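Here come two complexes built around chain A, the first alongside chain B, the second alongside chain C.
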Partner chain A sequence: MVDEDRRLIAHLLRRAGFGAGPSAIDAAAAVGYRATVDDLLDTERHERPHEDLLERFHSEHCDEESPRWVALKWVYRMINSDRPLEEKTALMWHGVFATGWAKVTNGQMMAEQYEMLRDFGLGDYRVLLKKLSRNPAMIYWLDQQMNHADAVNENYGRELLELFSMGRGNYTEEDVRSCARAFSGWTMTHVLPRYPTGYWPAEFVYRGDDHDDGEKSFLGETGNFNGDDVIDIIVRQPATGRFVAREIYQFFVADEIDDDAVEQIADSYFASGYEMREILRFVFNSDFFKAALFKRVKSPIEFIVGTVRLTGQHRNAHQFGLDRLAKLSGMMGQELLNPPTVEGWHTGREWIDSAFLVERLNFATEKLSDADAPGIIEIARRISDGRSSITRDGLLDLCTGEFVHLDLDVATRRVIADELSSPEIIQCGGDELVAALTEILALIGTSKEYQLA
Partner chain B sequence: MTTTPAPESTTKFTAATFDPLSLYPSMMRIGHRYENTLGQRLAAGGFKGPQDVAVAPDGWLYVINRYSEAGVTVARSRFVRVRLDDTGYEDDIVISFSGELDPVGAETMPSAVMCAIDSSGTLFVTDEHANVVAKFDSATGDARGHWGTAGDGPGELNAPSGIALDADENVWVVSSLNHRIERFTRDGQHISGFGGFGSDPGQLNHPWGIAVDPVTGTLVVADWRNDRVQRFSFDGELLQVIGRPGNGPGEMNRPSGVAVDSHGDIYVADRSNDRVLMFNPRGMFIESFRGDATLNERGIGKLMTNLDMVRIRENVVNLDDEKRFRNPTSVTIGPDGLVLMVDSGRYRIQVYRKLCRELSPEEIDPAAIHVDPELT
Partner chain C sequence: MAQNGTRTGKGKQPVLVVLQLSGGNDFMNTVVPYGDPLYYDFRKTVGVSEDEALHIDSRIGFHPAMAEIKSLYDEGNVAVIQGIGYPAPDRSHFRSMDIWHTAQPGEFSSEGWLGRVIRELDPNKQNVVTGVSFGAGLPRAMYLTGTPAISVTELESYGLLTSLSGTSQRRALSAFTRMYTPEEFDEGAMVMQHIGQIGMDAMAGVDMLKAAPANYSSTIEYASDPLAQSLRGIAQIHLAGLGTRVFYAQHGGYDVHGGQVQIQAKLWGEVSRAVDDFFADLRQHDAAEEVVMMVFSEFGRRVRDNGNGTDHGSGGGAFLIGDRVNGGLYGEYPSLEPTEQVSGDLRFNNDFRSMYSTVLDDWFNIQPDPIVNGHFEKFDGILAPLNS
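So, the complex of A and B:
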């Protein structure tokens, strides 16, 4: 029987982070659920990982021009950061404010955007939108540099309302035009051309002489609005509260929307003054969150990082192969820093198709059957502690309950049990246990339940 | 691991006899002149993530390129041979893809770090993930075997990085994750070693580059994560600590490569400060280099293939940044006073020439030798 507290904490660490091995769950269980929530949210208490070793020992990828390097660094941070919620929230916003390298084609600008989402993603949503509107990657992605006082380009203004804040049906075409006019003159410096020295970053520039300072009517208000004024109006809209609440619900709670829970989150949005940290504190302590175990399909990067955190790999910066993890995420349908469109990725069951599933299963099998992985060695040690032997069924229960924290349904459990080739009674403390353990874990990794968070 | 008896030491100094103030340069210092830029970034060929360069007896330069190419699923290092004046160029001259000749059994050296060439033209290359030192004939590019045993014991390699040859043509290798320096014969027989992790004087924290000072016969090591350079005797005695953490004059932020010229002047690739520093043999900070790169014919040719880029350049307010170093990783002393600074992050090598006038013994003022540097 799984300890309910550990089970709930494992759920919290999967959602607010990228999953955890048994030692981390022990530590969280020792302080309790609510204190763990507070600790996850109090990011400033923890240092970010040092990355000088990463740059040194991955210099074959350390090309600032390349999005692969940015993605590699992000994957390393997801695996190793003591501020997992910061990375997780950045991942959520990356899906919402989806900006793709395919058009931006500048690794440094993409890195700046992702780090901005990480740095401000847990703060005031209003500030986040203002930062986003000044972000060179976003400016280029949605053609803001072509939005002039005398030639309005509506691209950013429209997407800000439709995809980044309120959602379709909550504004008029005139609002879109006013929004775009308010952002005219919000542009970026010219970057040095790519050749012959590679890409260079850009900076936000406000050109007053190219800004339409005339009167605008926007969402029922009238004034000589600029971009910041427009954002101040947007964040006050009920539709914005519901939009943010839906995004949070689908990313942190469940794939299937629960309208009542969304309303509660929207209330928290306004009550907190748009503070993401407080909204998430409400969500993680809510009953609907605690009841939502395994209600989400893991996104590819969640699947990969969660598995690697379980196996304890890539904890030191010089382990080879980090680049492959980022690449595999792309092969499973989620290429970091390069979402398919400005709408971001389609999530939930759409993460799973026959090609993506094969990649997932192969990856999980490879990682979870690695007898040399530190996390596997730790699990074997914990099983051997105080035991001289264990039954095969007992080992399967222990793995699903104590270490992977899954609810296997009866049919899945039977299929796994039928596949096992290890002896009925397994001797602990040696190769026999490790062989049986890796066989079980690899099969668990291929189960449908393991695809869920 | 077989350990051979150490040959008679060629070290001229020990901790007891080394006095940095006695090291007075045998030249009058004039300065450095920027000469030219090698490489440039190209879509195909050219440099991409150059890490280190070595000068072969026939005048060719060997450049290790470390960045993966787009579409290459297995990391591999590329080796480019280029003439000092950039008039000659050959790609992948060293690594053959025969598999059998390959030093790591795969089709590539995944992670070459640094290189050195001996007087006969044998190129020695470290690979930090394969934990080997590989040898190549620099004239033909043919593999000449490899050596190295992975591990954390004396003489074993754990992420080898810097490599240098001494006057006896023994090979000094930085075993960076062991925080040690190891000496081998050219064939990989272990002779001696020293080091250990820590931040106290004489201890090392992930050292990277190494150079042999031809004047004093001592070792100069880039003590990367301690943000300093340390000088050791061949027996591992600490002789001198140069630099401290920071970004001010003479301070360092993750120094990677080091080189010592024929006058004993020390060049340090101050990698994370995006500059190269120069110290005199006494360890006094003399000069820093921020980069003066110019477009060479390759760069101009590439630009001219895309006139949009030419137009964009005209709209850029400040082209000054284009000259500057980005993560310079190593420095190599070339012939005739040339100093080759590997500008890794900008995919090029910036070449400077040291300008000085040699002094005769009569022209060196003995009274100046023991002047306290603090008072000068």
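So, the complex of A and C:
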């Protein structure tokens, strides 16, 4: 059934990307669900967005000291990339390996970390952990440069186990100590003072003379382990498979954990040899994924980018306000490149509290009531194509079914229908339709259902 | 006992402001045991010298950035609770903060202790602004399903559907109210129930809080940092008389594994000035005596420094500040003797739930045990109840 296909494809594009307008859904529906999954995963097939004009039109934000410039570019890529899954997966890892500019205070180092997550986030998780352990922003964030052979700093060793790979309860304090010792001597070049050289990112350095080469006992194995050896041991642990599976499940599938689905994803983690692409291929084609429509609360940046992709704004470099989008995400509780703690953001229903909900509603109604938004004009054009008029009820159904893709509760639908001021029969092809359309869309943007993806 | 912990008397009701220092504040460099030679053995690089410390007595003194707090202490309005913690300390920020927020060290819970306090103070949910938090997001301490609490990032711009205007805003607000009004309870729609509840709270809270800044005037000039602005917002709401009983503010950056000397001086300088301005503002409006501030952090830090900072530890300290606080030192300063340490940390001698119980019973006049999940000895005489 065609409608069901479009519904599933819209779901896939919301989860594997940041949502899609009607023509992108048409294109995906034409090749089918499975081929769309493959296309999303085969990122090399598409070019990354061109950004030459960004610096020119957003020069006031090109301050490489500040994370705002990186966040602005990232938001631009989320909106425009033909490799949406690459950006989406980077966002997932950013939440897991949560590193904050508040401490790193170097925009270039934050940019490097995010781009590392983008470049390697869809590959081998073992490689990703090795890249992460060599990433200067991470090294500085968790004080790894102060982890010396004769003065162990446990911070990175502990968080690698607790928050980045295995989870609490699966290792001992001695394992933490051994893990930290294995990473002693993993450090970075000195960050130069700003004057007179300007900001420069630091580079990873391994200092053998500051590495504790002694025997270590780690997760039941004994040897003169270095950091890479420790990661090789970590990725083999069943707890790590379950940890990665849970992160993937909660980010791509649903807020409420389903143990059986997590177990299946963990199996796929081991069967694929820790390959994210293959794990995600399994997830997107699974029955549990296809049954998980609207089972996630949108994170703030998903909410913002999804709305902007619907309204068709910021599709070129010269529209102002990208910086504001990044800032709003912070006001809604998700400041990109500056999560509150190394533990990342609390997700799911915790995204919705009074202050954040107020910001979300204000933003959605602002964008969706904009009669000049290209995406809204495009929707009006599609509706007018082959129609001279449409009923108000028909327009509401078309909006929720074809364009916004929502499962409106019967009661919600009734309230929206009640509050509309447009005529019962709306003339197509002109201002009357656009006015009716923006009124409907703004009310949809106010609904509880619009908070879910 | 008055109903629901409210007191009538002069009409003033007790108010609690909780200030969370996130990241694990280093108590040993906040209240410095400069008189103990062991301190300088362990704090070779990040120690505070005897000359710099603001002496409380011949053994200990405040960090030099805490001049205003020292003055409040000298006026008798600061209680220092030494050696605070809980059994089997957890050195994970996340977990330890959760333990302080839920008052449940033994198990994972999403019920906040202040959420339970708000439920006690306002069981019929008559006032959605009984609890107001400033900062990014509602802290778990104030989170309790079905109990409203407002979270404000910035008071001046707070409002709902502000992008619409005129008739379309009125229609949208009307639709909003109808869409978010709770329906029959449906097990399968917990998330929708939650969103609906938060939406209704937000709407009611917006209407009340919007009015607060307009009626506020003060000669106190707060600093521009986020903590000072949060405390200013709290003062505005308190002075507007909206009935808010529990406020929450947060200040981050205390995870000083490195660069401790500079960072700690900056952070405590901000706290010290903001707290002083806050109480001066309230006194100016005869609205200080009903306010007690509790300052805490999720844990202290290791006794021995790591060369440039300190790693996660246990056994820290907390403060109660206010006109009704009987200032002074409470509890024992934990011994720095290596044999007395707990794997390199200070040994706690006061359970944080004793402090909570003291505030609950002596300040709010509500039964502490169900809120803190057990019975804990109170600190005697630390708080002089309002209207007593």
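The working rule: the second predicted complex is superposed on the first by the 447 of 453 C-alpha atoms of A that agree within 3 Å, B and C clash if a C-alpha of one lies under 4 Å from a C-alpha of the other, contacts with A are read in each partner's own complex, and residues count from 1 in each chain.
To be clear about the criterion, a residue touches a chain if its C-beta (ideal position, glycine included) is under 8 Å from a C-beta of that chain, and two chains touch if they have at least 3 such contacts.
In this text, all values refer to a predicted model and were calculated from it rather than measured experimentally.
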Fit or clash - chain C, chain B, common chain A: fit
Rounded to a multiple of 10, tell me what angle the C-alpha centres of chain B and chain C make at the one for chain A, in degrees. 100
Of the two partner chains, chain B (first) and chain C (second), which one does A:Asp323 touch, if any: first, second, both, or neither? first
Could you say whether A:Thr172 touches chain B, chain C, both of them, or neither, answering first, second, both or neither? neither
The answer to whether chain B or chain C touches more of chain A is C
Touching A:Leu192, do we find chain B (first), chain C (second), both, or neither? first
Identify the partner contact of A:Glu335: answer first if only chain B is touched, second if only chain C is, both if each is, neither if none is. second
Could you look at A:Ala151 and tell me whether it touches chain B, chain C, both or neither (first, second, both, neither)? second
Closest approach of chain C to chain B (Cα atoms, Å): 9
Do any residues of chain A touch both chain B and chain C, and if so, which are they? none
Which residues of chain B touch chain A in their complex? 40-42, 48-49, 51, 66-68, 73, 75, 77, 110-111, 128-129, 159, 177, 206, 208, 224-225, 254, 272, 293, 295, 298-299, 302-303, 306, 308-310, 312-313, 315-317, 319, 321-322, 326-327, 329, 344-348
Over in the complex, which chain A residues touch chain C? Could you list them? 102-103, 142-143, 145-146, 148, 151, 153-155, 158, 162-163, 168, 255, 297, 330-331, 333, 335, 340-343, 346, 348-350, 352-359, 361-363, 365-366, 369, 409, 411-412, 415-416, 418-419, 421, 439, 442-443, 446-449, 451-452
Report the residues of chain A in contact with chain B in the complex, numbered from low to high. 52-53, 56-57, 59-64, 66, 68, 189-198, 200, 318, 320, 323, 327
Touching residues on chain C, where the partner in the complex is chain A: 22-23, 91-95, 136-138, 148-153, 158-164, 167-168, 171-172, 174-176, 178-180, 183, 190-192, 194-196, 198-199, 201-202, 205-206, 252-253, 255, 257-258, 306-309, 311-312
